[in-house]
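For reference, the structures are reproduced in the following blocks.
Next come two complexes built around chain A: one with chain B, the other with chain C.
Moving on to the complex of A and B:
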């Protein structure tokens, strides 16, 4: 059982690595491409995976941010994400994990209720982002947002840490979980 | 059961210092050192931030985590407590920062005021110096004017003297003078002739006033006129 730890390796110089975990390969690939096209002063490395745990044989750099992509149209993606969450060290949830829910635009196809994902994000104290990854403009905007998030989590922005960002993001999201 | 998942890695050297950047080759050589400097500064800021993160993690790990198994509700409550602590720490820090900033602001304001005063005084000094300079210039001009006037007077005097001298030396005057002299001599001779005539006639000229006057008139020395 290999558990992914956030700070077990030293960071690469001017490098930020993001890990996208999700069952929809096409969407992940498109999101990765959008992120690489985004404007960024640091070197970006995007790793894609269907689920955790990751194979140990690969020599990979320190992972700064993990984004779990849940497709609201398929229950399978939610299950796979929930299973992968067990393989993460608790220290990751201090701002280095984010949830991304896609497919909320087409309500008729949604098999997972929105609140399920909201609860999941609330349980793990991580920010939840909504985006329709199939639409290119939304995807580009979300890619830009993720790049900024990644820079902060990698420590490239002086004065803002991942934990700091977490509490900042939480402030705007707080009202909805309390309604549940 | 472990699910071995596939993993793909996609990378991109997005930085200007990377080897794969074709735009850098063309003519941007002069900008390169600047880029390097900004890159170094950025890396420095990054490493500082990352060091701070690692240090805080080390500090966090020194705290003992409670190992006993708690109910989920209790865990939730504990988590909320910790989150509130974090928020409080943040707000306290912000307040401290604001307080310090206000002190700093005061100092800056004082410095600005002093600077304004200094600039005003310097301006006044400059104005006074200008006035002084003007006065000196005027004095110089007056001196020069008076010099000129005096030299003019001098030349005028010299001219007059020259004129006078030249007048005396002119030929016209010489001839007139000569004529005058001859006339005076002739008249003196005539005077002597008449004198001798009257004296030779042995007439008592003192009795006749008209004759007396004539004799006295003949005594007048004409060269003295």
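Moving on to the complex of A and C:
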């Protein structure tokens, strides 16, 4: 099956799985390592992919959160993410997708305008996070944040669901799309 | 497109009908004020830009004067407004600056203003290098070497040139008070040491601040599109792009040269809105180049960093170096650079 669906598999016991999608292999690997080092009561599984669709032959657990990593220095990463978004079931966008933009710190290297990624996140109604993944401290902080997000999306935090979190995040950061 | 709903303010100008309107669109400061009033969050948008119209020079200015500005490599700096700068005190400034430079070079010995030095600093106004009537006049600073022999009366060799200008800097002009002169763009050609000394003197005398202006890949691709869009009768140079691929041990440079007429033909196919350049057109133009390259070499140029753009109008490097080749579009090039400088100051 070429389309990834959020609820097509049974959840594992106390397991939370995150899928990081992006063309920057080195950065994804480093982020994955930081996430695995973070303190977490659930068992974490981190999957990396350059783009969707994922190969069907692999036996993988249910994916709880997908993070698309866009490097603002490379238009290619944005194009690859945009193409991957087509292979996702619409139900995923109810809080189980997030966008992460890296490289905003070095403005002279940027070839994508910040507004382009903001619009992309708005179109898909998903939260947008900014982080310079090349700097270790920022990466560690972002890894912690992603682990918390993942726990909520996997349902391990009582009282908060992925959809809840989505409306909370949207209310505090951005105006509703109707105002724009 | 929702982002273009922000009200656009036409620059207030009493310009004569000979000066064509160069409409840049709502500036970042205006949009910020607007969004504060509307209580919505501010999302910066890349504006639509007008293609530079040729012959923006006023008819009573001699285009030969601009010969000193063309065909030289300039290093760009952004400059905050100058406090209590006067166009009538040029002789005074020349004397002070000459003494300052001599003092810096001698370091520690006492120097008197008015002594005979072997260099001379000349301040002169550059008439016509501005966009609207409100823009302050541009001025030029040159360090000339004075020959020691009294028999030679002609001017010495130019050691260093720098000039300050402001082209369509309306957004900055509106925010500063009367005592300040806004000339946000500074271009320098010559030895780095001289640039540093001149910079220090200006900073001390006029309480301003210089910052090197780097041009991002995003802005370079805009420049490439805008300059390719300019109508030229005769192309002096090929259109060339340079990309830098970060890899160890040394970064790889990819250079892509296109015949300027082919580039113009491609642009004409991409271009839809007459008189304006939009973000989509720039992206499409660059994507065409990238996909063509990919088809032949299987390399994704979009994953690399655009470092240098060179056309018949001008050539720019990401480190903040620019060379202007065509006098017809000088004002257009400077307008975009002023916008970048103003953005950096704000």
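Note that the second predicted complex is superposed on the first by the 173 of 180 C-alpha atoms of A that agree within 3 Å, B and C clash if a C-alpha of one lies under 4 Å from a C-alpha of the other, contacts with A are read in each partner's own complex, and residues count from 1 in each chain.
One rule holds for everything that comes next: a contact is a pair of C-beta atoms (placed from the backbone, for glycine too) under 8 Å apart; a residue touches a chain by one contact, two chains touch by 3 or more.
Given the structure is predicted, the values throughout are model-derived calculations rather than measurements.
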| item | value |
| --- | --- |
| Chain A: partner with more touched residues, chain B or chain C | B |
| Which superposed partner A:111 touches (first chain B, second chain C, both, neither) | second |
| First (chain B), second (chain C), both or neither touched by A:91 | first |
| Partner chain(s) touched by A:23 [first = chain B, second = chain C, both, neither] | second |
| Which of chain B and chain C A:79 touches, first, second, both or neither | second |
| Which superposed partner A:59 touches (first chain B, second chain C, both, neither) | neither |
| Chain A residues within the chain B interface of the complex | 1, 7, 11, 13-14, 32-33, 36, 40-55, 58, 60, 83, 91, 125, 154-159, 161-164, 167, 170 |
| Interfacial residue positions of chain A with respect to chain C in the complex | 23, 73-77, 79, 107-115, 118-119, 173-175, 179-180 |
| Residue ranges of chain C in contact with chain A within the complex | 2-3, 5, 40-41, 43-46, 214-218, 221, 279, 286, 290, 300, 302-306, 318 |
| Chain A partner contacts - residues on chain B that touch it in the complex | 2-15, 18, 39, 42-43, 45-46, 48-50, 52-54, 56-57, 79, 83, 86-87, 90 |
